[in-house]
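Okay, so subunit A shows up in both of these, paired with subunit B first and subunit C after.
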Partner chain A sequence: MTMETGMQELLMEFLKTLPINIIIIILSAALGLLFAVLLTFVRLKRIPVISQLADLYVSFARSVPGLILLFIAYFGIPKVLPLIGLGTYVISPMHAAIISMGFYHSGYISEVFRPAYLAVEKSQHEAADSLGYTPMQKFFRIILPQMVPVALPGYGNALVYLIHDTSLIFAIGIVDIMGTAELSISRSYGINQILIYFIIALMFSAMCFTTDGLVRKLEKRVAIR
Partner chain B sequence: MKIKSILVAASVLGLSLLTACNSTVNKSQAESTGDSGVRTIKVATGHTSKPLSWVDENGEVTGYEPELIKELDKVLEDYEFELFGVEDSAGETGLATGKYDMLAGGLGFTEERAEQYIIPSESSGRALIKIYVAEDSGIESIQDLVGKKISPLSPAGATYKSVKDWEEENPEFKLEYDLADVGIPIADRLKEVATGKYDALFYPSSYGQIEIIEDQNLPVVGLDPVKIIPTFFMIHKSEENEELKQAIDEGLKELAEAGVLSELSTEFYAEDVFQYD
Partner chain C sequence: MHVSYNQKEVLKGINLSVEKGEVVSFIGPSGTGKTTLLKCINYLEKPQQGEIQIGDLHLNYQSLSKQDTLKLRRKTAMVFQMFNIFKHKTVIQNVMDAQIAVQKKSKNEAYAMSLKQLEKVGLKDKINEYPSRLSGGQLQRVGIARGLALEPELILFDEPTSALDPELVEEVLKVIEDVAKSGMTTLLVTHEMDFAKRISDKVVFMENGHIVEVGTPEQIFEKSVNVRTRQFLKKIYAEQDQQKLNIKGG
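For the complex of A and B:
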């Protein structure tokens, strides 16, 4: 096999495993968004104990390295759940990856949403109240449209960090694009290592570039409205 | 309307995740407590440590240790072995937490490991710490390395310890080397010896050096080992695994006597690592 055909085959392998990264990114971003909304709500409401616990959650999720969170989800959850009476669970590597990335992402973007909410002037709340809006109407008609343009740049950054963190999932045996690269390097005893890493860098760059583009598009749309 | 759709989508996502987790549980539980009385042992092994253990082009875990596990599977009727290719750190973490029953990682005996895991009495292989030098260097043993340029040693691992032990036993010979976690692939480190950047490289022989030297046509040779370290499978510490240890000991003894370990060594390391015993 010539080096050229070897590289072509490797590129095909990368493309075959790319959907794994994309699935993990989409699902953990969705899970993270859902948790972040709940967390931000709880933190802003200042409910005694619960708000403090939510603060602790955010601080923990943001300060612990991604690899450690991945190990905690994969090895720790099956140990902890029986202790709190929730039965025996075996978590697959894919689920552990989605849960840990979603956990990390939710902590990070909650810290984007909270200041975005606080950036909306108090007079806007008062105006909505004086017009007789219900809390739901006030949030969705007045506050959210002003929050989104403030939050979007930070949210875009959080998505980029999430994409970077998927490069760690091979540690628990998921063969994604980074895994394909590592396996290929190992099979050839490290020959072509730099070239393979360069291709991976381009692929991650492309994913971040696309995400960034989508967020910018959204930013423009929101700004016009 | 939009909010409703988002809420429905979020609920579906959450439910599908939970369902998927549950289905994995049921499958795994069924696997490990099968009706046949055969116990399934989950074995973690490296996935990028060719030729010790790696994942091949077909996604199969192979290498010296995985193939030895497959041989054990054949001789131990009461056990079935399932291999998982993971990072070394994940393997040890999973073994400590009981996610895996056994770890096949070419690990040597240490007091710390003996406290944390069950270690079989029979070893599964040998880690040979060898010196790699240029063919025409005239270096024949570790004593000849005085005043020579030695490739940096990683402060972690058995290689540095082996060299340090030798220096303590032989204080009349003073070797000069730097400590660094180099992170350069073994193929490149052998090239550094071939090109004369360094006169010698200390390295465990289980990284496919013989194959690399032949494939790359490098004028490098490996000298006889400085240290021979028996390696062992590590077993998760639990009462039921005491029986597994007995079985592993019996199986390994049987395979060693039948010459299977030497055959596997020749197949994957291109030499019989047991010849130096």
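For the complex of A and C:
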């Protein structure tokens, strides 16, 4: 096997495993967004006990490294579920990755959404209230459109962090691009190590650039003139 | 309309009735509770107790449901000191939105009504501008058009010219005067004494959360026998004279 064909094969393997990263990114971003909306709502509503728990959760999610959350999800969930009477359950590494990354992400973006909500002036609430909007109408027609431009840059940042953190998922045995790289490096006794890492770096970079570009585009569209 | 209101700190038992079509101005020192009173009427401020009646709607503040609050707010419109124009919407969208959301009008109906109101306040050529491109006086006129477009039974002006540059005050007062003369029931909190005197049917002088005196403009401004009313007016007029002197001297 010449070196060139070896490299070609490796690139093919990378392209085959890249969708695993992309799926995990998209699903944990979606899960994170959903959960962050819920969290932020509860935190802003100041419901006794529940709001404090949500605050605590956000602080926790933001203070624990992603890798550790990943291990907690992968090894912890199968141990906890029987305790609360849900029977024995072996969690797949993919599920563990999506859950832990999603929850990790939700902590970050809840801390983006909350200040964005608070950045909308009280005068805008007063005006909508005085005109007889219901709370839902007020939120969707007046408050949300003014929150989005404030939140987008921070949200884009959080997405980039999420993409970076998926480089950890090979630690629980998922063969994504990082896993492929590690396997290939150990197979070839470390030859091409630097080159392989460089390729991975480019792939993560490409994902981040794309995300950044999309967020920028959106920012331009929702900017308040 | 009848407002009674009891709150230790700000308003201490207010009782007032206003006839349909009447124009009532509230004057008095800053921090007296004039704005609070106005905001209690549409429940932006929440009185601890009291009752309100607007037309056939009779409500008790202590047992106000969410539906009651909406009903109350939909009978009134408020024009704010700081304009409170929706920043992400154009002038015409500002005026249209509540008609579509709250009154369930069609877009066309709302557009026609908005255009009519914006024409009245002299902003027909600005309908597609964003608020960031308008002057304070123009923003306030959008605010008035937005309120009028909902055809409320009662319009509340909360110091509508206090945040304006002096040269813009006149254009807004002119519009308010038109509203007042159109037969709309109007409550106005203001520091523009000459204006209040000119347009009001009734003037309310408030101090420290109490209504001190209610009367016709003539009674309050010229014939008041109340010591506090006279002191307040004397002080206001002295300040105005001082300003005029400064302008001449400067």
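Simple rule for what comes next: the second predicted complex is superposed on the first by the 223 of 225 C-alpha atoms of A that agree within 3 Å, B and C clash if a C-alpha of one lies under 4 Å from a C-alpha of the other, contacts with A are read in each partner's own complex, and residues count from 1 in each chain.
One rule holds in what follows: a residue touches a chain if its C-beta (ideal position, glycine included) is under 8 Å from a C-beta of that chain, and two chains touch if they have at least 3 such contacts.
This structure is a prediction, so every number in the text was calculated from the model and none was measured.
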| item | value |
| --- | --- |
| Clash or fit, subunit B versus subunit C on superposed subunit A | fit |
| Partner chain in contact with A:131 - subunit B first, subunit C second, else both or neither | second |
| For subunit A as apex, the angle formed with subunit B and subunit C - C-alpha centres, to the nearest 10 degrees | 160 |
| Touched subunit A residues, subunit B compared with subunit C | B |
| Touched partner set for A:182, first subunit B, second subunit C, both or neither | first |
| Partner chain in contact with A:160 - subunit B first, subunit C second, else both or neither | neither |
| Partner chain(s) touched by A:30 [first = subunit B, second = subunit C, both, neither] | first |
| Touching partner for A:142 - first (subunit B), second (subunit C), both, neither | second |
| Lowest C-alpha to C-alpha distance for subunit C against subunit B (Å) | 15 |
| Of subunit C, residues touching subunit A in the complex | 42, 44, 70, 73-74, 76-78, 80, 82-88, 97-98, 101-102, 130, 132, 146-147, 150 |
| Contact set on subunit A toward subunit B in their complex | 27, 30-31, 34, 71, 74-76, 78-79, 88-92, 95, 98-99, 140, 170-173, 175, 179, 182-183, 185-187, 189-191, 193 |
| List of subunit B residues in touch with subunit A within their complex | 3, 9-10, 13-14, 17, 20-22, 24-25, 28-29, 47-50, 54-57, 59, 84-87, 89-90, 93-94, 97-99, 184-188, 207-208, 211-212, 216 |
| Contacting residues of subunit A [partner subunit C, same complex] | 123-124, 126-134, 137, 141-142, 145-146, 224-225 |
